[in-house]
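In what comes next, chain A is part of two complexes: it sits with chain B in the first one and with chain C in the second one.
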Partner chain A sequence: MSRRGIALLGGLAILLLALPGVANAYLLSVATLILYLAYVGQAWNVMMGFAGQLSLGHSLYVGVGAYAAASLFFHFGVGPWAGLWLAIALSVALGCAIGFLAFRFGISGVYFALLTIAFAEFVRIGFDHLQWTGGPGGLFLKVAQRDQIDLANFRGPPEMYYYAILCLAALAFAGCAWLLRTKAGYYWQAIRENEEAAQALGINTFRWKMLAVAISSAMTAVAGVFFAFYYNNLFPEQIFHISRSIEIILGPIIGGVGTLFGPILGAALLTLLSDGITEGLAAMGWEIPGVKHVFYGVVLLAVVLFLPNGIWPPIARRFGLRR
Partner chain B sequence: MSLLRAAHIAKSFRGLKAVAGASFEVPERGIVALIGPNGAGKTTCFNMIAGVFPPDSGAIRFEDRNIEGMRPDQVCAAGIGRTFQIVKPFAGLSVLDNVMVGGFLREKTRAGARSVALGVLRKLRLESKAEMPASALTLPDRKRLEVARALATRPRLLLLDEAMAGLRPTECDEMVAIFRELNRADGLTILLIEHVMRAVMALAQHIVVLHHGEVIARGAPAEVVRDPAVLECYLGEETEV
Partner chain C sequence: MPLDLLANVIIAGVLTGLVYGLMALGLSVIFGVVRVVNFAHGEMMTIAMYAAVLLFGAFRLDPFLAVLPVAAAFFAFGYALQAGLINPFITRPEHSQFILMVAVAIIMVNGLLIGFGPDARNVQTDYQLESIEIGKLLVDKARLYAAVVALAASALLFAFFRFASAGKAIRACADNHLGALVVGLRVKHLYALTFGLGSACVAIAGCMMILLVDVTPNLGPAYTLLAFVIVIVGGLGSMAGALLGGVLIGVSEALAGLLITPSAKSMFSFGLLILVLLFRPQGLLGRKA
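And now, the complex of A and B:
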C-alpha cells in the first residue's frame, strides 16, 4: 500500500478510536450503525465484489445469526461467545445449501439472486411460526445495564458496542485485504470476470464459489449476533425483510463493489446523509415518513448513472491510491 | 509416443453430427494442426478434449489415462492448457494478475505465482505491459495474454484455438516464432486449430483435415496441401501456399 494509503488509514483509525470521547450518545449510535453497515457490506462484498455472486438475501444470515445467539441466551443463559459458533454454523449451512443448489444446477446471475431472496423469505416465514423464538411477536433480551461492562455476556454501555463493531469492521477490512492477495482472492476475481476462462485455468469454480459463500455467510452471522445484543429485540418481519438485504448492499454498491474502502465509504455516506436529511427536515418542523428511502433511491440512481463503479474508484485514482 | 490420442470421438448436437468418429494423435513434443472448413467440427473436438462437454462415444487418452468426461479444470490440472477462439481476458484485472491466476494452479503462494507469471510474460514479450489493465490491450496483445495465461498453468499440451486469427502477417510471424521457441526450448506439445495457412505451414509438423466431422486427410503439410480432397473442400484449386 502507498504511503498516502497508510496515512489515510492511520488518520481514520485515530478518529474512530477517539470518537466516543467527543461524540454525544446520538452521534455514537450513528457511528455504530455506520460501522455495522460497513462490516456487513464488507461481508457481502466477499461474495459479490470478489467472487461475482449476487446475493439479495443477506438478511437471512444476519437474522439466523441473531436468532441463534439470542435464543440461546434467552432460553439457556448461554452467552454470545458460545452462541456465536451456533450462529456461524447455521448461517454457513444455509449459505452452503443455497450455494450447492445454485452452483450444482447452474443457476447464476439474477436467478441466483432470486434464490437467495427465496431462502430469506422461507426462513422469515418459518420464524414467524416458530413459537420458541417468540414468533411474529418478537424475541426480547433484557436491556443491558449501561453503567457496567459484562464482556462475558456482551452487555454494557454504548461505547462497548461501538468498540466491538469497530473491531469487527477493522478485522473484516484487514481480512478482506489479505484474502484478495491470496490464491482464493485471485480465483474469485477470475470467476467474477469470466467463469469459463477461470475453469479452463484449472479452477474448480464450484468449490471456490462455495468458499466465498461460506466466508461471507459466516461473517454476516457475526454481524447478526452483534445486532441481537445491541438492539435487544428481534422480529422476523424486520430482520429477515428484503429491505434489510437491500440496506446491506447499498453501501458497497454506492462505495464501489469489489473495493475494500467502498463498503465503508458507502455506509458512511448513506447513513450520514440520510440521517442528516431526516434530522434537518425535523429541525425545520417537517416530519416526512419514508424520506430516507426516497433519498436512498435518488443516491442509487445518481451513482448508477454517473459513477457505475461506485464513488471510491475515482477518489482512489484522484489521490493515487489503490482500490 | 503420442501424448494425446483421440479415438473415434463423436458428438452430435440435436441430431446434427458435429464430429463423427474422428481419430487423431499428437506426438510428444509435436505440433499438429487441425484444419478444415467452417463447421467441420474442429472446435467441437477441442471442447471435447478440454472437457467443456464429453464425447457421445470414443475415447481421449492423455499421457496414460483417459480424460474424456473430465471437467475443464480437471483437464487443465492434468496438463492441458487451452486458449479460446474469442479471447476471454479477465478484463478488470491487470495483465500480470490475469497470468497469475494461471500460475496459482501449481504454485500455492502469491510470490510463486508471480514469478511464474513474470517468466511467461517475458516469453510472450508482454512484460512491459504487465501492470496495464487487460481491458486496455490491443487484439494482438489479448491473443498473447490468452496464451500466457494458459502457459502459466504449466501445461504439457497446449490447445490453440485460432490464436492467429485477426493478426497482421508480421504479428502472425512473431507468434509463430514464439510457439516454435516454446516447442523447441520447453518441449511444449501443441495442437492448433488454424485458418491462417501461413501459420499452419510454418508451424505444423503434421496436419489433420476435418470435413463434416470426419478426418479426410492427414500427413505432412506438403502432402496434405496437395491432396485433391483437401483442395476441393477447403483450400480451393487456386490456393498458392
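And now, the complex of A and C:
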C-alpha cells in the first residue's frame, strides 16, 4: 500500500476511534448504522465483487443470524457468544444449500439472483408463521440497563455497540484485503471475469464459488447477531424484506463493486444522504411521506448514470491510491 | 371439503391467473428481447391501477374502457423510458441495470405515496358483485370479463409477433443482436418498441386487476416478485409460458388461501419457483439455452 493510503487509513482510524468522545447520541447512532452497513456491504462484496455471484437475498443471512441468536437468548438465556455459532452455522448451511443447488444446476446471473430472492421471501413468510419466534408480532429482547457494560450478554451503552461494529468493520476490511491476495481471491477474480476460461485453466469453479458463498453468509450472520442485540426487536416483515437486501447492496454498488473502500464509502454517503434529506425536508417543512425516497431515488439514478463503476474508483485514481 | 367449493376456487384462480399472466407477459417480452430485467414491473402495475381509479373517479370511466387510454399512455411511457434511460445500460453489468431499475421503482412507489397517500383505493361498479351461475358453479362477472380481456390482449400480442413485420423484426433482434444490426434493423428503436409493448401489457393487466383487488402504493414490489415467479416458472422469453405460469400461480394462490391460510399463499408460489429453478431451470415451456 502506498504511503498516502496508509496515511488515509490512519487518519480514518483515529477519527473513528475518537468519535464517541465528541459525537452526541444521534450522531453516534448514525455512525453505528454506517459501520453496520459498511460491514454487511463488505460481506456481500465477497460474493458479488470478488466472485461475481449476484445475491439479492442477503437479508436472509442477516435475519437467520439475528433470529438464531435472539431466540436462544430469549428462550434459554444463552448469551450471544454462544448464539453466534448457531447463527453462523445456520446461515452457512442455508447459503451452501442455495449455492449447491444453483451452481450444480448451472443457474447463474439473473436466475441466481432471483433464486436468492425466492429463498429470502420463502424464509420470511416461514418466520411469519413460526409462533416460537413470535410470528409476525415480532421477537423482543429485554432492553438492559444502558449504563453498565455486560460483555458476556452483549448489553451495554451505545458506545459499546459502536466500538463493536467498528471492530467488525475493521476486521472485515482487513480480512477482505487479505482474502484478495490469497489463492482464493485470485481464483474468484478469474471466475468473476470469465468463468469458462477459469474452468479451462483447471479451477474447480464450483468449489471456489461455494467458498465465497460460505464466507459471505458467515460474515453476514454475525451482522445479524449484532442487529438483534443492538435494536432488541425483530420482525420478519422488516428484517427479511427485499428492501433490506437492496439496502445492503446499494452501499457497495454505489461505492464501487469489488473495491475494498467502496462498501465503506457507499454506506457512509447513502446514510448521510438519507439523513440529510430527512433533515433538509424537515427544515423546509416538506414532511410529506415519500418525498424523501423520491429524492433518494433520483440521486441513485444520477450516480448509476454518471458514475457507472461507483464513486470510489475515480477518487482512487485522482489521488493515486490503489483500488 | 365440498367439491363445488373447490371447483369454484380453482376457477377463480384460473381467471385471476390469466390477468397475472398478462402482467408477466409484459416482463417476459421485455426480458426476452432487451435482456434487461424490469425490476419496476410491479410498480408500473400499481400505477396502471391508480390510473384506472383516477379515470373512474373523474369521468366515471369504466375500467374496461380505461384500458385503451391507459395502455396508450403506458406504451408511450415505456418507449420513452427505454429510449431515454435504459438503452445506454443494455451492455452494462447486471447489477448496474438492477440499481437503475430499483431507482426507477423507488421513485414510482414514492411518487404514488405522495400523490395518493398510503390508503387503499378501488373502483366500485355494479357488475363487481354479480356472478354467473353455471350449474352449481358461481363465476364472478368481473373476474370472467377481466380474464377475457387479458386473453384477448395476449392473443393480439401473439399475432403481432407472429405476423406484423415489426414483430418479426423484434424477434430477429432477440435471436441475434449482432445479426439484426448487420441487416440494418433499427435495434434501439425496436428495443424501445418492445418496452412500450411490455408496458402496455402491464397497463391492461393493471386496469383489470383493480376490479379484483384494492391498490396501495406498497403493492408494487409484491407484484414485481409475483411477475418474476410467474415468468421463471413458465419460462423466461416464452409467451405461452407466461400465461401458463400465471394460471398455475393463480390456482396455487387460490388453493393455498382455501386450504391453509391466505397469508401463506406466496410461500407456495416461491416454493414452486424454487422447485422449477432446480429441476427445470429454463421454465416449464422455456427452451434450453
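We take it that the second predicted complex is superposed on the first by the 319 of 323 C-alpha atoms of A that agree within 3 Å, B and C clash if a C-alpha of one lies under 4 Å from a C-alpha of the other, contacts with A are read in each partner's own complex, and residues count from 1 in each chain.
Convention: a residue touches a chain if its C-beta (ideal position, glycine included) is under 8 Å from a C-beta of that chain, and two chains touch if they have at least 3 such contacts.
Values in this document were obtained by computation on a predicted structure and should not be read as measured data.
Of the two partner chains, neither chain B nor chain C is touched by A:Leu130. More residues of chain A lie in touch with C than with the remaining chain of the pair chain B and chain C. Applying the stated contact rule after C-alpha superposition, one finds that A:Ala177 touches neither chain B nor chain C. In the overlay built on the shared chain, the residue A:Ile277 is in contact with neither chain B nor chain C. When the shared chain is aligned, chain B comes close enough to touch A:Ala198, but chain C does not. Across the two superposed structures, the residue set of chain A contacted by chain B and also by chain C is empty. Interface residues of chain A, counted against chain B in their complex, comprise 181-183, 186-187, 189-190, 192-194, 196-205, 258. Across the interface of their complex, chain A is touched by residues 31, 37, 92, 94-96, 98-100, 102-107, 109-114, 117-118, 217, 221, 225, 228-229, 232, 261, 263-264, 266-267, 270-271, 273-274, 277-278, 281 of chain C.
Across the complex, chain A is touched by residues 50, 71-73, 76-77, 81-82, 84, 88-93, 97, 100-102, 104-105, 108, 110, 113, 149-150, 152-153 of chain B. Every residue of chain A that touches chain C in the complex is listed here, in rising order: 48, 54, 56, 101-102, 105-107, 109-111, 113-115, 117-119, 121-122, 125-126, 128-129, 242-243, 246, 249-250, 253-254, 257, 288-294, 296-298, 300-301, 304-305, 308.
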